[in-house]
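Multiple structures are listed underneath, in structure tokens.
Note that chain A is present in both complexes that follow, paired respectively with chain B and with chain C.
== the complex of A and B ==
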């Protein structure tokens, strides 16, 4: 690994990490701050949710959710955090090497005495560092919000850890899939439409999968692989789906690795 | 020993041509000019040497090492100045130069300061705020700060004012005197003539000629335009080609001893005459018919 590339890349992303963390924390705190009133009216709340049309419930993943329990409510909030994580990780993935080609700085970096694989390795490690930093901050915020707003209600630490830990693999999926896609297109002109497309696409796929029930679209999307409501309900991950996800991550990484080494860097014209 | 040895190098971008079967050698310590019109394949060749793109077939060696296998080692001794310079916009000039230097084993700080003051570059400005010419200067300093043994210049003078161009040429000549090999790509013939020992001419992806600059100059073609009041001069001389007459103006190309044509011109009743360098395009059209 080239420490200079790594350091540069981490520095480039630290602002973005802070902004994402701030957004995630605000989201979580605002949601969790409502928990006391939710749980106070738990019976009425659950009754109201029960009266929602089933399609709407499954679209939001609240069909079998107990909003009156700490983790039931927390897992509901986490779906929205997952969406943020998906966008952030896709952003980093799509932009990782394409941003150099877009802004023509690839000519600078790749004419230095470093190999392509070294560049890629350093960049990936730097991006993973940024993602992990987001995670750690997110974990602390989650724990703090639960301690602050749980109103003395009990929760199972093991399940909380499962929920929080799922974020890591979830991010890796979006990061590496986005990176692999960026190697398939000749030039990623702007990262945002791609990453929003990938993140919302995966989210909507899960929502539709809930509505149609039988169609097995859900196997494609990490929102299903790490269905937070299911984790709370079952008390464990859905192992085959998680393994499937890990498989996709490894494939995407391998593909990028081979492809980037042979990639022709386009010129400015 | 040849510093650059290119052997039947071919590059296709999908179906469109980059370069075809290009072979040439650049000797150690020379300034090699590489000329051709836009789109002839100059940048493609340089980008292949730097492994920014990969050849379809053929191979090349730099410092005797295969570009496909030892790219990183080779690049340690290469300085590259692209035709258009882009850098991380948010960085300050000095930070970019330090970042650049951090890739090389040398302690390049002194050389960086030296080059920056020579090129009159302000080190504390943000790259974003620099004009095109100033970015180019950053490129020059960035390409030379690690004292490379081979310098690849891809149309380096675009955007530099004449004064800076002269400084830049002096700088390149000084580097060359220290033993640095220079590969200089350009579409401006006069530039290449001023600086280079040998030139390679590339046209539509193929190397059409590699020759000594003196040979090229002896073969120098002039474009001559003559206005005559009466009749049409015949220009029945050896070395005259492409005679076109329109509205009393005769245009032709002449290649050979310039005295011959001058003597002939004095025998005519001439209104106006101009003798000029043909453009590169005209040379190509004329030279290789």
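== the complex of A and C ==
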């Protein structure tokens, strides 16, 4: 790994990490501050839901979820955090190497006495560092928001850890898939439309599954692989789906690795 | 005029991609409707979901068993997609010149800067109109399987009008961002963060009465299917508010762009 590249890349992203962290923090605190007034109302409704036949209930994922409980509510709010994570990770993925081609700095970088795989490795590690930094800050703030607003209600630490841990693989999926797509197209002229498409596409697919309760297309989306409501209900990850996701990550990484080594780099001349 | 046609061509691919996604969205949505069609049991389930969750997802106001109620729920996604597409087209068309290092070329053409902005704005506007028409067509065609009544088509038309107005607001915002921000890279990400914030505020504002004041802050609330499903019209306050936002954004965009330093 080239420390120079690594350090440069981390430095380029630290401001963005702070902004995303700020966004996530405001999201968490706005939602969790509503919890006290929300849970009272939800508790009354829960009793009614209990009487419905299970087949019908399963059609509406969310109706199974106890929104009067701390984690039930937290998982609801975490879907929006996931959306932020998805956009951030795809931003980093799409921009990772394509930014050099857009700003005409690719020829400068690639004539340095480091191999392409070394460049790629350093860049990936730097981006992963930034993503992990966001995670750690997110974990701390989630914990803080829960402690502040839970109103003495109990919650299971193990499930909270599962929920918080899921964002790591979730991010990796968007990061590596975005990176692989950026290698597939000839040129990523602007990162934002691509990452919006990827992240929101996945989100909307999942939202449809949530409302209209049918599962086919939805297996495509990581929002379903790490369905926060399901994690709270089952108390564990949906292992086949997580493995599927890890498989996709490895495939995307492998593809990028091979492709970038022999990619035709567009330059200004 | 040359610039206008050039912009239309430059935006074409993006319009195709957004439309394809939109058509896909409409098709899946309508396919899923079959589970609800004339099935009162699913309504009973909906009744049991906590009020604020439904409000958050904007589902309480609608009768999901009926086609127009169902399209009322789907409208949140129409408006979200419309907002994103419009903001992207607005900000991209201005910021693109600096990114691709073509801004020097465009600005030495024998036209004023405001004419340049106008041409780009109009081209983006054409995209927005086409996007709404495509959504409209896809929805009307795919809904035909359920033999909707005239009321549905009227409501759908209203939804499309609402989607167009939301597009206009975000298009103006996008153009403003593209014109004002010195760093062209910021334009896109600022646009996203504004849309995301507006969307989250929209969800939150429906969850709790105390937060209802937020309805003036987020444009998604101005044209909320839950409201015009009931009342059958748009509130004049919101129409005035959006007109105000659009005028202010565009005026600021023209003023600033006319005398701004370009990043070369």
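Here is the rule we go by: the second predicted complex is superposed on the first by the 241 of 269 C-alpha atoms of A that agree within 3 Å, B and C clash if a C-alpha of one lies under 4 Å from a C-alpha of the other, contacts with A are read in each partner's own complex, and residues count from 1 in each chain.
Please note the rule applied: a contact is a pair of C-beta atoms (placed from the backbone, for glycine too) under 8 Å apart; a residue touches a chain by one contact, two chains touch by 3 or more.
These numbers come from a predicted model, not from an experiment.
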Touched partner set for A:264, first chain B, second chain C, both or neither: first
Contacts of A:29 with chain B and chain C, given as first, second, both or neither: neither
Chain B versus chain C as contact partner of A:155, first or second or both or neither: neither
Which superposed partner A:107 touches (first chain B, second chain C, both, neither): first
First, second, both or neither for A:192, with chain B first and chain C second: second
First (chain B), second (chain C), both or neither touched by A:8: first
Contacts of A:115 with chain B and chain C, given as first, second, both or neither: first
Of chain C and chain B, partner touching more chain A residues: C
Shared contact residues on chain A - chain B and chain C: none
Complex contacts: residues of chain A adjacent to chain C: 19, 23, 27, 30-31, 34, 37-38, 41-42, 45, 48-49, 52, 56-57, 59-60, 62-63, 67, 76, 80, 83-84, 87, 91, 102, 189-193, 196-197, 200-201, 204, 207-208, 211-214, 217
Chain C to chain A touching residues, read off their complex: 14, 17, 21, 25, 28-29, 32-33, 35-36, 41-42, 44-53, 57, 59, 73, 77, 80-81, 84, 88, 92, 95-96, 99-100, 188-189, 191-193, 196, 200, 203-204, 207-208, 210-211
Residue numbers on chain B that touch chain A, as the complex places them: 13, 43, 47, 50-54, 71-76, 78, 80, 82, 84, 86-89, 99-100, 102-104, 142
Touching residues on chain A, where the partner in the complex is chain B: 2, 4, 8, 103-108, 110-115, 118, 262, 264-265, 267-268
